[in-house]
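Since the structure comes first, as structure tokens, the remarks are kept for the end.
In order of appearance the chains are A, B, C, D, E, F and G, and numbering begins at 1 in each one.
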Amino acid sequence: MRQIIPVLLTLILGLALLLVVAEMPPFGDPDNPAHNIVSERYLSQGVSETGAQNIVTAIITDYRAYDTLGEVTVLFAAIAAVLTVLNRLRLGVICPEDRERGIEDEDAGDPDSKDSC
Amino acid sequence: MREILVLFLLFSGVFFFTVGTIGLLRLPDVFCRLHANTKSDTLGVGLVLSSLLLYEGLSSAGVKLIFMIIFILITNPTAGHIVARASYDTIVDWTGQLARQKGGDD
Amino acid sequence: MVFSKDVLGMTILLYIFWLLISWSLDWVNLLLGFTFSLFVAIFMAPEIIRAEERPPFLARGFFFLKFVLILIREIIKANFQGVAIVLSPRLRISPQFVEVKQTLRFPVTQALWGNSITLTPGTLSIDVDDRKILIHFLTEEMVTQFPENPVGKALVEFEGRGK
Amino acid sequence: MTETAFLIAAILLMINVIFCVYRAAIGPTPGDRVVAINMITGKTIAVMALVSFMYHEELFLDVAITYTLIGYTATICVAKYLELKRL
Amino acid sequence: MAILDILILSILVLCALAAVRTRDLLGAVIIYAAYSLLMAIIWLQLGAPDVAITEAALGAGVTTILMIATISKTGRYE
Amino acid sequence: MAEALVALGQNYFFYYALILFMVGFYTTLSHSNLLKKIIGINIMETSIFLFFVALGYVEGGQAPILGRGAEGGPFMNPLPSALILTGIVVAVSITAFALALMVKLYSFYGTLDADEIVMLRGEKE
Amino acid sequence: MQEILILKIVVRFVIPFIQVYGFYVITAGHLSPGGGFAGGTIVAASMVLYALTFDAHQGLEKLSHERASIFESLGAIWYVGLGFLGVLVGGNFLTNGQIGIPLGTPGQLISGGLIPLLSFGIGIKVAVTVVSLYYSLVEED
């Protein structure tokens, strides 16, 4: 049973995606709905509006700079989360259990944490 | 004339790549495979890139190709060397034969 | 900070790299390239290869060029040998490990020698230190041929016997 | 015509890559896998250079330079792990 | 050009399957490095050099090494 | 049927993205090792990126870098590239966070197998 | 790993070139492929290579956690501060050409207004973050 459920789920998902993909417009056609007015605007006005030749850079740092701000925030959140999970931060964390434990065992072995708490 | 030379360099590079791949498949252990890797890959990349250099001439792209050849020459044997070293240190443990050989030839 | 000759030399090398990669003579580009080269050279200053670790590349440039040309010739020879070994129906190989002595003085030339051993016919350097190199030979005859390796001679010549 | 030759060369190199992937998949020791990956890196660099000349986009060479400069980082990492069992 | 695309995509699928089937986790991570190497060629074929250069730096240099660091902290075999 | 075959010949990028997505999905579901699950998630992410960038492809187009002499030809759609560029970095952040969680889980439970971890938790409760 | 002579010599020679190339990719992001993300990851890969070849604690001396957090904050503040430049002049947040910043001639290194400066901030941020991720995963407890 445990082997069958993943196969079944994958097949169902694959069938659903196949129905979607079969209806996609032809690949590489310039008249696709994906090439709409937005990208035409970027390609035709991008250089004169931003002064950058590389339109991708123009988009990520000018037209959609908020997007990049959010991405910087995600990076910040990721590094903060990793440092917190792995206890790499030697900041003064106030935590009552730690303080009690530090008082109870004399040789906590980590003088930094005792000082910080 | 130049085109013929370009094609010759290009396909000889591809040929050496192929020889390296056959060596990777046929040779018996890690060290012999590393022989195939370091030599044929270095020469293969060098030949393909120099054929492109001949095709392009000395422009900004040509300079980039020259730098690529130089860095490949420096870094590819180094990668082979450290893999060989790591494999040597791990292999001596479970056969013991290589260690004896090393001592015998000393 | 460290403003030795080596940092200056590295800065010049990096500056040449920047100029050739960016391929423009705009004055902003010149200034920016110099700033970044100097910054990187100072940032990596303790790790830059010092003058006492290498032979003078500029003064002995002719011998270095000779070494590179011989190396390229040897690489091509090595590949034809590899073709002969790999494409023959029966693999005639007898792999073995041999330690050989080496007499090069500078770490940089030792590293060059190790890498050239990897690239020359039938040999693969496994461990390199000041006195000896552990080499993996592909066939028996290469062990006997090894002392006449022209690359090693070119390197000794490049190192010079001065000092 | 030269572009067609570039395309043929790229296809031949990619066929080589299939066998390298086979070696990487079955290789008994991690050393074998790393050797295979090294060869794939070399072929990838060559294919990237060929692709950039096939489309006449010399800016694509920047990607190939990136690979030549940092492509062997993973190799060093695996070798160090095999040797020291730590990083 | 379509032949090259199809060939590389087939090798990608092979790589993905090999990475998934390998019992040795170190081997799986190494094959995943090859996967992202080949992905960069696909980005070049699709005309997205910015994505290709980022994938090159991240796939070859960072993701693989982070995974091997995790393996060195935990176990190597499943 | 014939239409489907023609679409298969044309839209091979989308079909391959579909196959890669299924491979990743199946890995994530069926393997109990956490690192394998992360590899599966990465493969899924890559397939989505492939799908997006393939949407922006224009036949015979140039890369969206203008002002390089040969003007006038069609250009690739720059919008999917720009979106995916952000997506790749976010994917790496997610991978790093998941790996950090794995290290912590291993130091807590001594195993990386999801089933075993569930069992151990059941014993504790 | 400590006494591999060839690797140490080669890495000591190659790392400065990787870093200069990374800075080139960052600063020329509006002219050629690249930009903040790509260049930042290349610089980060060079530092990771350094820490692999020597040791993690030697790499930590070059870029300690304190210095890393300072650089990280500087990158983010640089980005947001340049964004507030638009607000000060009277435009929107994170605007570039609309508030009258000279855009320069397209194709020159100085063009695109704030775009190279913004890329620089992103590059520093991404590089330091990725290196910190590596150190925090590798460091022993």
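Convention: a contact is a pair of C-beta atoms (placed from the backbone, for glycine too) under 8 Å apart; a residue touches a chain by one contact, two chains touch by 3 or more.
Everything numeric in this text was worked out from a predicted model, so none of it was measured.
Set side by side, the interfaces A-E and B-D show unequal numbers of C-beta pairs in contact, with more at B-D.
Our note on geometry: chain A versus chain F, Cα centroid distance of 12 Å, whole angstroms. Measuring from the averaged C-alpha position of chain A to that of chain C gives a distance of 42 Å. Per-chain CA centroids place chain C at a distance of 30 Å from chain G. Chain C has its Cα centroid 15 Å from the Cα centroid of chain B.
Residues of chain F found to touch two or more other chains are 12-13, 26, 54, 56-58, 61-68, 80-82, 85, 88-89, 92, 96, 99-100, 103.
Shown for chain A are the residues in touch with two or more other chains, namely 47, 53-54, 56-57, 60, 68, 75, 78, 82, 86. Among the residues of chain B, those touching two or more other chains are numbered 20, 34, 42, 60, 64, 67, 71, 74-75, 78, 80-82, 85. This structure has the following touching chain pairs: A-E, A-F, A-G, B-C, B-D, B-G, C-G, D-E, D-F, D-G, E-F, E-G, F-G. On chain D, the positions that touch chain F within their shared complex are 55-57, 59-60.
Within the complex, the chain B residues that touch chain C are 16, 19-20, 22-23, 26-29, 31-32, 34-36, 38-40, 42-43, 46, 60, 63-64, 67, 74, 77-78, 80-81, 84-85, 88, 98, 101-102, 105-106. Here chain E touches chain D in the complex through residues 1, 3-4, 7-8, 11, 14-15, 18, 21-22, 24, 26-27, 30-31, 33-34, 37-38, 40-41, 44-45, 47, 49, 52-53, 56-57, 60-61, 64-65, 68-69, 71-72, going by the rule given at the top. Per the touch definition, chain G reaches chain E in the complex via residues 25, 33-35, 37-38, 41-42, 44-45, 48-49, 52, 130, 133-134, 137-138. The residues of chain C lying in touch with chain B in their complex are 17, 20-21, 23, 75-76, 78-79, 82-83, 85-87, 91, 93, 95-99, 114-116, 118-119, 121-122, 124-128, 134, 136, 138.
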